[in-house]
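One chain, chain A, appears in both complexes that follow, with chain B as partner in the first and chain C in the second.
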Partner chain A sequence: MRVPILKQGPYLIASVQSALTDQDLVQLRDELADRVGKSRARGVIVDVTVLDVMDSFATRTLRTIAHVIRLRGAETVIVGIQPGVAFAMVQLGLSLEGVETALDLEEGIAVLNERLRATSGAVPDGG
Partner chain B sequence: MADVARPLSKEAGITEEEFARRKDYLEIGPDDIDRLKRMNEFAQEYAVPVIDEFYRHIMSHDESAAFFRDPRVLERVKRLQVEYFKRLTTGEFDAAYAENRLRIGAVHEAVDLPTKLYLGSYAFYLRTVAAKIREAYRETPERVLDSFLSLLKVVFLDIGLAMDTYLVRRERTIRHQEEALRELFTPVLQVRPGLLIMPIIGPIDSQRARRLTEQLLAGIRQNRARVVVIDITGVPSVDSRVANHLVQTVQACRLMGARAMLTGLTAEVAQTLVNIGVNLANVNTVGDLQGGIEEAERLLGYRVTREDGTPPRG
Partner chain C sequence: MADEAQYAIRSDTDVVFVRQAGRKLAQELGFAGSDLILIATAISELARNILEYAKLGEVRLCPVERDGRQGLTVIAEDHGPGIPDVALAMQDGYSTSRSLGLGLPGTRRLMDEFTIDSRVGEGTIVTVTKWIT
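Then we have the complex of A and B:
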């Protein structure tokens, strides 16, 4: 299922709605890489709250997304990894090294706001 | 006692086959059963005097007498012993018998009767019985030894079962203690909004590490924590496995958006970790719990000052 990407102030929010196939993930990656430039976004949040499994492909794709977005001049935060998912991931040796994470959407936005304030001194409105 | 319902024979691993094997190894055969049955007549007659002598012996020694201070207990035990004496010579040694003997052994263990007293009393008991057999078989002295040896086989069967209950009970106690230790409650405490501490006391094994991590992750979500301080001052030994668990816990916290810090690595623990080559490069470590909390507060933007405005360290 395609992941809807919403624009919220200077941020893009990709809110995963159901389990993702590898194809969906690739599509999400390409779409985010594209949209971040078009909408001149400063940050991207990928909300994975609904996912109850995270395999190596998904992990790798999320890492790739974060790296690509950084090259496009924005920050990425992965939010909503559930306790069970986090535990399973570390047991499988999967990590999101170098990728920002936050508890949920609210915390993710707070993280991006902090980042933005630190770099430009500007506090985004409505963010 | 909650475990009365559970047959001891099951816990001690005394299946019917096992019981049969034991009897077989002791070579309890039809001849023995025969001899025992023949003794039943005078066992009925001698049961009470034998037990009376037996308890006179027990009561004449302080150490053993201490177990029978209560006269009611003594009366009850005596009655049971009379039954037992008669039972020994019925020649029927079935599963119910095994269970009964195990139960008696368990009672001994429960009151902490030392095995030396159990065995010592048994030896006295056998001497008394031997004397009675000799008396009863005055006319046919050649039957005395054989009869006694048959009885001895059953007695050894019995002692074997009783010893097993001692061991089973001991093992059960040890197991319970281990479980209690493993289930040591580890609180996940909120110190300030967004800051959790988890002081771990006691050894960590895979199971406990898993439970601790789950608890901590649930705590992060529930308290919306952004920084957690894991204090391992109370963890007696940290080897590569434990270190690995801790690294995983820290990583899992990070996946949930919380930064985890490890505090309380003692000098020995730090030396060990370096010597065995554990890499904690990706784990944020701070000397002690205080340092960890201060660092966490800094990360969260708290500043602690005294009322007069001076910093807490003065």
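Then we have the complex of A and C:
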């Protein structure tokens, strides 16, 4: 099932609606990499609240998404990993090292806002 | 007790289907909470291994009972190339290598019991069981 991607201000929000096949995940990766340029987004949030399984492929693909988006000049936050899913990921030996995560959508936006402020603060006005 | 069920693994949609079926069966057997997630994740990894290394195979979900305890056994079987060095495949570092990662040590941690029988040129059978605590 295709993941809808919405634009909200400078951010893209991809909210996963149901279980994802490998192909869905790959499509999400490609679409986000494309959309981040087209919409000149500064940040991406992937909301995985509904996922009850994050296996090795899902985790690897989310990590790839975050790295690709960073190379495209934006930041990614994965939000909504459920407690049991987090536990299973740890048992399985999977990590999202180097990838920003947050509790929920609200926290994710706060993380991106913080990042954006920090970045724009480093550049003088009109520079 | 619920019946044994058998699922062919041929594509990535089968992986999603079988892990959802496994979760549902586990729930019917009386598993709850994070156990359901651990079982579904283990099934996903086993089905994924079939797809990745053997292209096709099957997963059987079997309700089991021992000493009055209910459990779920998952059998993942393929007739693929087999694993030349099972001991090596069961090492944690080995599973993190991207090209050869079988995720077997991780899958073992998700479940209570784990056995593997693999023969080069014949195939692999991984059997895992989780018991209701």
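Methods note: the second predicted complex is superposed on the first by the 121 of 127 C-alpha atoms of A that agree within 3 Å, B and C clash if a C-alpha of one lies under 4 Å from a C-alpha of the other, contacts with A are read in each partner's own complex, and residues count from 1 in each chain.
In this text, a residue touches a chain if its C-beta (ideal position, glycine included) is under 8 Å from a C-beta of that chain, and two chains touch if they have at least 3 such contacts.
For clarity, every value in this text was computed on a predicted model and none was experimentally measured.
Following the overlay on chain A, a side-by-side fit with no clash is recorded for the pair chain B and chain C.
Put simply, the three-chain overlay gives an angle of 50° at chain A, taking C-alpha centres for chain B and chain C and rounding to the nearest 10. When both complexes are overlaid on chain A, the residue A:S56 reaches chain C alone and has no touch with chain B. Contact with chain B, but none with chain C, is seen for A:L96 once the two complexes are overlaid on the shared chain. Of the two partner chains placed around the shared chain by superposition, neither chain B nor chain C is touched by A:A118. Legend: residue contacts after superposition of the two complexes on their common chain; A:P83 is shown touching both chain B and chain C.
After overlaying the two complexes on the shared chain, residue contacts for A:D22 are found with chain C alone; chain B is out of touch. The superposed three-chain arrangement places the nearest Cα atoms of chain B and chain C 9 Å from each other.
Shared contact residues of chain A, touching chain B in one structure and chain C in the other: 82-85, 87, 89, 91.
On the side of chain A, the complex with chain B involves touching residues 79, 81-87, 89-91, 95-96, 101-104, 107-108, 111. Against chain A, the residues of chain C that register as touching in their complex are 12-13, 15-16, 19-20, 23, 33-34, 36-38, 40-41, 44-45, 48, 92, 95-96, 101, 103, 105-107, 109-110.
Looking at the complex, you find that chain B touches chain A at residues 210, 213-214, 217-218, 220-221, 224-226, 248-249, 251-258. Those residues of chain A that touch chain C in the complex are listed here as 19-23, 52-57, 82-85, 87-89, 91-94.
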